[in-house]
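Comments concern the structure below.
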């Protein structure tokens, strides 16, 4: 991207929260809010003044070119970035009004779950994978765990395929099945928010479709935030979409509006494929 | 202009190939010779008495090494109880917690410890255990061998834990596991086959060590009760019998050598096969 | 999620944060325990050096560094000098390397460059087994097989062919510098092979391919491209082997003859630092005797540390260059 445009974007004020009735509705039912969020890798500032309201029981998508900060922001929401060295975060992040940064970090991660880009099942059985989160949080009673595992696998549209081989190793599953297993594993601890970082990027179209379908279904039991580089996916799935560019949230609104009638030129350039 | 590869170069290539191959064959030949000779001579000297009887006094024939076999077991047990926890936990620290500078210093120190001749470690164990206690003991021998086990334990633990991809740790953390829980319920179980085979290789190595036991555990012609008395061990018995004048003792030395070598090689081969089949095996 | 209220309650139990909960969560404990283990290793090494140093003091005070140049070793009159043992250690190690280095480097070249991969892997596996054979077994084979062989075949031919050389002078009774050097060479060869092989394999494939694509033969590629690249690393492997040879105890003490003697002839019995400690420590009485032996141990320790450090630097330089 040409330098003068870059300068222009970076020098603009931080994300304005749309001052409309729609936004009021969003704030009222918002699960997760960020205000003035900055994030640094060493001396490099990766996120500039992010402000956003994530609505309950809706699917929110983050789109933007590579390196724009959407994944970084996602990982800030469950404080996964803290596991890296030499990082710093400033600003306000709230879950149901509670300050995320003053909560116990393992609590945060139980309540805000994450599914990663490449499926990463543990080298354990299918059952033990899904049950892991429960056991680690102190739930061991067989009947409860069995129930929860079955329920999670059903939500992840995987139960029918694995119910007879729960004791087989997770590595025996196909790529798409493994990713659904990871979703089931995340769902087992009943997260209030589920973050998904490009969950379908390593999968074929059929596997992708299965996952998109199940995301629609589980919208009712959790709040979904998905990072995707596939705009069509965002357009299909998301209720709300946020466009990130160079560490800033350029625009955040109803998905329809973002794709059909974006307010910002940068958004329009991106969604019409003029760059990136 | 096309140049044919000159016959001279071809010959040189062939000659060098053969020469280096011959050298390798020579080395391999030595291995098979050792194994073969020990197998033949040692196995033929083996009898039931070897495993069940105590050594007979000088001049009498027909003794065995029952006490040395048990003795080696006891000394190795102490060694493992000392060396494995320290080495394993330090390896966990290196792989999961340590900063760069500390890791460098620790690795260097561990390598240093690994390079210390075993006889010098025996001296140190003598100074630390035998002197204050005023007598030789299985404990002193165990301490010496335990110190020798530490470097390999640290290195194999660190290597196999590092081989587990970070995505595994992230998955556990994202479910609300603490770092400690992640390490002990996901990372270590994932690396377990490598860790166990590293342990086996470690044990096999110290099982054959003689020098550090010469003036720590010393030796014993009888059963050694408890842990605080001098104790007979297989390698030391081999040494003592080999340099003794009696032919009968030489036979027993061969038998003992066979048993020791068989044990060491079997453990080695098993451990290496486990490693080769494991997740980190495809690297080699 | 009405049906999951039961789990929900247990999961949503708020956790008190702060030191106590972190303590029971296991994080602090795990960190502390592993850190303590790591620090213990530093303590052990410090203890090691400390004990060696402090227990050598009586001998150091009595002899000073002349200890290293005196050749009398007389426990009865309390006179101790390290020279015969240093001499013996050096001679046997040097002889061992003389034989093992050409053999080992040639074999490693074969295994890394010339042999087909499957064969190379099998042979390497077998050679690593050779490295796992305990020292006392080598000693056993040395006494009963090697020494008679040398006595009956090697020595007569050497005397006939090169008997005028001082190193092949004199009578041979079996135990000797020669026997010790030969046994050591067998013990040290697997180290040279396995480290050199790794160093050679680390040379980037692109370098080899460039040479082969220009029409070089396998040997030419190896000799002119790969070997110079890996040269420092191979020297490092030789240093590692040297450090091993210096500290080797059992096999040496069983075939060297255990006589403190400085002589040019390889046929003569001799002594090494590790061998004299192994032989005399258990029965040494009198603090000066014991202290002198420990002083010898300190000398050996220092020697192996220095050589190991040099080896590591050499190997590290090669791998960094090749990366």
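Letters A, B and C name the chains as they come in the text, with residue numbers starting at 1 for each one.
The definition used in the following text is that a residue touches a chain if its C-beta (ideal position, glycine included) is under 8 Å from a C-beta of that chain, and two chains touch if they have at least 3 such contacts.
All values reported here derive from a predicted model rather than from experimental measurement.
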*By number of C-beta pairs in contact, which two chains lead?*
B-C
_Using CA atoms only, can you tell me which chain is the most central one in this structure?_
B
*Can you name the chain that lies farthest from chain B, using the mean of each chain's Cα atoms as its centre?*
A
*Between chain A and chain B, tell me the centre distance in angstrom, where each centre is the average of that chain's C-alpha atoms.*
50
*List the centre-to-centre spacing of chain B and chain C in whole Å, with centres computed as mean CA coordinates.*
14
*What is the distance, in whole Å, between the centres of chain A and chain C, each centre taken as the mean of its C-alpha atoms?*
55
*For chain B, which residues are shared contacts with two or more other chains?*
178, 181
*Can you list the chain C residues in contact with two or more other chains?*
25
*Which positions in chain A touch two or more other chains at once?*
106-107, 110, 137, 189
*Tell me, which parts of chain B touch chain C in their complex?*
3, 5, 9-10, 12-13, 16-17, 19-21, 23-24, 26-28, 30-31, 34, 37-38, 85-90, 92-94, 96-98, 102, 105-106, 109-113, 115-124, 126-128, 147, 150, 154, 178-181, 183-184, 204-205, 207-211, 214-215, 218, 235, 238-239, 242-243, 250, 253-254, 257, 260-261, 264-265, 268-269, 272
*Complex interface listing, chain B residues touching chain A*: 165, 167-178, 181, 185-186, 189-190
*asked:* So in the complex, the part of chain C that touches chain B is made up of which residues?
replied: 22, 25-27, 29-31, 33-38, 40-42, 44-45, 47-48, 51-52, 55, 102-104, 106-107, 109-111, 114-115, 123, 125-130, 132-141, 143-145, 186, 189-190, 193, 215, 217-220, 222-223, 243, 246-250, 254, 274, 277-278, 281-282, 293-294, 297, 300-301, 304-305, 308, 312
*Once bound in the complex, which stretches of chain A touch chain B?*
78, 80, 83, 106-107, 109-110, 113-114, 116, 118, 120-124, 132-133, 136-137, 182, 185-186, 189
